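So, here's a batch of structures to check.
Below are two complexes that have chain A in common, paired first with chain B and then with chain C.
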Partner chain A sequence: MRGHGTYNTESGKCAASVAGVVERVNKLISVRSLHARYNGEVGDLVIGRITEVSHRRWKVDINSRQDAVLLLSAINLPGGIQRRKTDADELQMRKFFSEGDLLVAEVQGHFQDVPQALVQRCKTHFHTLPYGVDLALGLNGYIWVSKQTTQSSKDQDSDAIYSNDNEEIDQERREAIARVCNSINALSRHFLHINDTTIKLAYEASLHFPVKDLLKLDVMEAITSEVKAGIR
Partner chain B sequence: MPPTLISPSENDYILRGVDANIRADGRGRLDYRQVILETGLITQASGSARCRLGEGTDVLVGVKVELGAIELDGVEEDVAEIKAKRGRVICNVECSPIASQQFAGRGADDFNIELTQMLDRVLNGPQSGLDLEKLCIIPGQQCWIVYIDAIVLDYAGNLLDTIFMTTRAALYNTKVPKTIIQDIGDGEIVFDISDDVEGWERIEGWDKVPVAITLNKIGSRHIVDATPLEELTTEAKLLVTVNKNGKVCGLQKSGGGSIDPSLLNEMVQTGRSLGQSLIKSLDEMVRREENDINLKQSRRERADNGKNGSLYSKRHHSPPPMRAHHQPVMKFNADMWMQDFKQNVMEKLFKEERFKAFQKKRRGLENVMDVSDDEDWQEQQKITPVIASSQYLIQSVVQNEWENYQSSPFSQYQLWLQEQQLLYAAQQYQQTVITKNLPPEWFQYRESTNNE
Partner chain C sequence: MSRLELIGPQGLRNDGRRVQELRKINCKPSVLSQADGSAYIEQGNTKCLAAVYGPREARTKAQVLHNRANINVEISLAPFCMSERKKRSKSDKRILEIASAVKQTFETIIKTELFARSQIDIYLQILQFDGGTIQICINAATLALIDAGIPMVDYVCACSAGCIDDEPVLDLNYVEESHDTPELTVALLPKTGKITLLQMESRLHVDKFQSVMEMATVGCKKIYNILDDVVRENVKNLLEKKK
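Moving on, here comes the complex of A and B:
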């Protein structure tokens, strides 16, 4: 059966009308184009940036055609328990998120932008790399790289979720974060899939070079070719 | 797409990173990104260059040297005296909306003006190093005007530095035609522009054109070559323009923050030393590129053995080689073809008719269409099909001829032949695909390989 991004040729074969990734659900075959805007789907993990605070809702940039809406009623309020949101909460919306905020509260990292088609759907999008770096792969192509958090988010008190203060990050950790970011950048430039395996491969390949050299084009190529060899 | 907003935690991360001398992408405070420079890309321009900063910021500059009049209207006398002996430089910077969302619509207008003025201020004074007096042809009348147009194709921070770098390289690439001035007496001067591309010269003083270094003050430190996020964190910016001798040619402070006097001094010094080394490496780059081109050129000439004239074979200097004129590529269009076909038949018929009329007239028959005396009969035919009835006749003739052609055994055979060829090609293609048995590529469908 033909899905989006396909058509029937005259000889009765099913062909792709866009360059992209083939997706198959039972008999339905569709092609997701590589350079399309992100299309949200229920259950996706995305990373976004607040662009606007308005009446009982935030507008969030999620790399999509339109800004997404985050309702006040959809967030966890301090105190932990689920309760009706009052007018008082509405008045202090900027306390939770204000314009420019990234959408997971404890930012300890940097923000990376890759073509969204490169991020595959998988079981988990939160990874902890063995270099003391946490990773959140947004399906919209935004990637969150941060320092590994010590306590799990369950025992955190909910005020800390909305805090803007960073923990102290030492020199070594900073370098590791930059290295991961640059590795991801190299992967996206050379159009390779981005998941924890490829990132780990790229990171290990990059260890031959100082961090700032990873911005050089020939070094990027060397790293990605090693990753390609690793995947096969 | 560079973000236009920044969260306080990112702000903090960058601030502390600058303090620790490890920026978000692993660079130190005074590390520049890789600069990729190309020159001579635009055939129609007198000179051009494109510069990229680590595949991020991308700027294309074209320089066009044109003849123009020296304008002295409404200028004070002492200024006019200087102006009368000088050419001009006119700059324009445009931010393309493909570079960033913030340039879409009218968003780029103010920014364009800001960048244009900055470039204009530096290049239009004595600090630019360009010898504008050499651009004057006839004092008070004619001069060369240098148009510098910059287009921002991609934006990833540090735009002004890139624009200045590219402009310098484009000016290096620019060649001005030679002029031969003749005095024909009575105070009248005539000049001629030489066609000899080989003899054209660079604008005098291109090597003294300064580059700019933008220093971003973040916290109590300063960094160079900022990324968009770092630019959002920046409190105050200082633009230092430096020429190759290390002379500071201009300073501009922007941004809301303040700069401590001692820090200001330090920033200017950093800008100076960085600018000088930047110029050195840029010059090295453009020279190497030109050498490469010349080497290829001489090799080609040796291969040609002087068969092809080498007047326009030198790369990328105007006037462009003839082949650079874009000829429209026309696909086969049945309607157009039919129209052409009709036109041809019509013309043939008209010619015949005219000939007949001419002959009849010679034979003394007066009562036929007389067109033989009209000198521009060809134009007339094209504008108004002469007689309605004859047009109808022509159309039916055309129809018949076309049908004849279609049903002729020759065209049938041609069609059959084409079909056979296509079928054969398709079979061949299928066979190769099957026999090659390509390894699975990443874009082919696979079951999810991620097992966690």
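Moving on, here comes the complex of A and C:
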């Protein structure tokens, strides 16, 4: 049976249409390419950026072959009220999300983009690293790194979910966020899997260097080789 | 007439090749980190950089095709690519023609029906020019598309051949091209041998056509072997790193 990344030739044979790895599930044969764009699947966690606010919906860039659609009816209203969305809500849509919203929030957290093949499906995609940094790994290859939020602040009223008011982040925390991002960058440059273990290993390896040096190629090399040794 | 002798007495051409010899090909996929797929390729002194973005959301409503992806090809020549420094506009008719030839070639090869309402952008930059623009553009785009993981029916390999002093000659360089040599560019699918592009802008005797065409076809197959090796090597490397 033909799966993704294959096609039938004129002679009726099954041939690969992309360069990658063959995967077999019983009789289904598919070829997964290593650099392809993200392909959505039910239940995936992704991170997006609002590109357009239109009639009762938002368009969201999720690194896929098309922009995703987020319907007004799909979101929770502030205060957790359950009711049909009215025209008044439609007019307020920009209060919830407006164009480029991720950009605004980058002060609180950093946004890092890696090849999506490197992020694996696992039980949890939200991690809290011991350095006071929160991490959300999107399966589409987008990663959200932010200051650790305490449980109590998460529980506050849902008005805050849509807020663009950002808290202060101190110097130390900023450096930790930058260090995590640069570690992820190094991992992705060297095509290593990205999960909480590898990120922790890379972070610890990076402690020998100042943050700004982490973007140097030889430093990346040193960090990733230490990660490789750590995994084995 | 003081015509430059293009094939010397020993049967060597002005750059030291024999008539049926290709120029040295050097290529590397995944050279750019921002693009979805990219490739750098050198054929002798002609050098080209290709970047592929997409499939992604179409930028304007007019570009949306409801049943397949829209392919957009842009070629630019660097101001320093020829011996004379000159800024060339993107709307140069010559360049636009090559771009449309590349676009037509790939429209049939890429499985566009899988990506309805999306857009695939191919950007080609010629860094150094020494003849054979179309062929290097097609070869670079093939490599970059494969790197981007875009489903294609087959590789597309292009090669040129000409006829100098009644003798068929493979892979013309700029000196040979500019001496009124009839030049035939062939792009084909190496697995099936189907021809997707055949272009000639000057006159060639019909008796010679067959041999020139055969020579170009053999050149395409050689180029295919080189590209295929590079692609396999690259995928193996990436898998190795991931382990």
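Heads up, the rule we're going with is that the second predicted complex is superposed on the first by the 193 of 232 C-alpha atoms of A that agree within 3 Å, B and C clash if a C-alpha of one lies under 4 Å from a C-alpha of the other, contacts with A are read in each partner's own complex, and residues count from 1 in each chain.
Quick note on the criterion: contacts are C-beta pairs under 8 Å (C-beta built on N, C-alpha and C of every residue); 3 or more make two chains touch, one makes a residue touch a chain.
Treat the numbers as computed from the prediction; the structure is a model and nothing was measured.
*Asks:* For A:5 in the superposed arrangement: first (chain B), second (chain C), both or neither?
*Replies:* Only chain C is touched by A:5; chain B is not.
*Asks:* So in the superposed three-chain picture, is A:215 touching just chain B, just chain C, both, or none of them (first/second/both/neither)?
*Replies:* In the superposed model, A:215 contacts chain B only, not chain C.
*Asks:* Which partner does A:21 reach: the first (chain B), the second (chain C), both, or neither?
*Replies:* Both partners, chain B and chain C.
*Asks:* Could you tell me if A:35 is touching chain B, chain C, both of them or neither one (first, second, both, neither)?
*Replies:* second
*Asks:* Determine, under the contact definition given at the top, whether A:94 touches first (chain B), second (chain C), both, or neither.
*Replies:* Neither: A:94 stays clear of chain B and chain C.
*Asks:* Is it chain B or chain C that touches the larger share of residues in chain A?
*Replies:* The larger set of chain A residues in touch belongs to B.
*Asks:* Which partner chains sit in contact with A:171 here, chain B, chain C, both or neither? Use first/second/both/neither.
*Replies:* A:171 sits against chain B, while chain C stays out of touch.
*Asks:* Between chain B (first) and chain C (second), which does A:197 come into contact with in this model arrangement: first, second, both, or neither?
*Replies:* First partner only, chain B.
*Asks:* Overlap of the chain B and chain C footprints on chain A, residue-wise?
*Replies:* Comparing the two interfaces on chain A, one with chain B and one with chain C, the shared residues are 19-21, 51, 189, 192-193.
*Asks:* Inside the complex, what are the residues of chain A that reach chain C?
*Replies:* Spelled out, the residues of chain A in touch with chain C are 5, 7, 9-10, 15, 17-21, 33-37, 51, 59, 61, 65-67, 117-118, 189-193.
*Asks:* Over in the complex, which chain C residues touch chain A? Could you list them?
*Replies:* Of all residues in chain C, those touching chain A are 30, 33, 36-37, 54-57, 111, 115, 117-118, 146-153, 191-192, 231-232, 234-235, 238-239, 241-242.
*Asks:* Within the complex, which stretch of chain A touches chain B?
*Replies:* Residues 19-24, 49-51, 63, 99-102, 106-111, 113, 120-124, 164-166, 169, 171, 174-175, 177-179, 181-182, 185, 189, 192-193, 195, 197, 210-212, 214-217, 231 of chain A touch chain B in their complex.
*Asks:* If we count contacts the way the header does, which residues on chain B are in touch with chain A in the complex?
*Replies:* 1, 3, 5-10, 12-13, 16-17, 20, 22-28, 31, 33-34, 36, 54-55, 229, 442-445, 448, 450, 452
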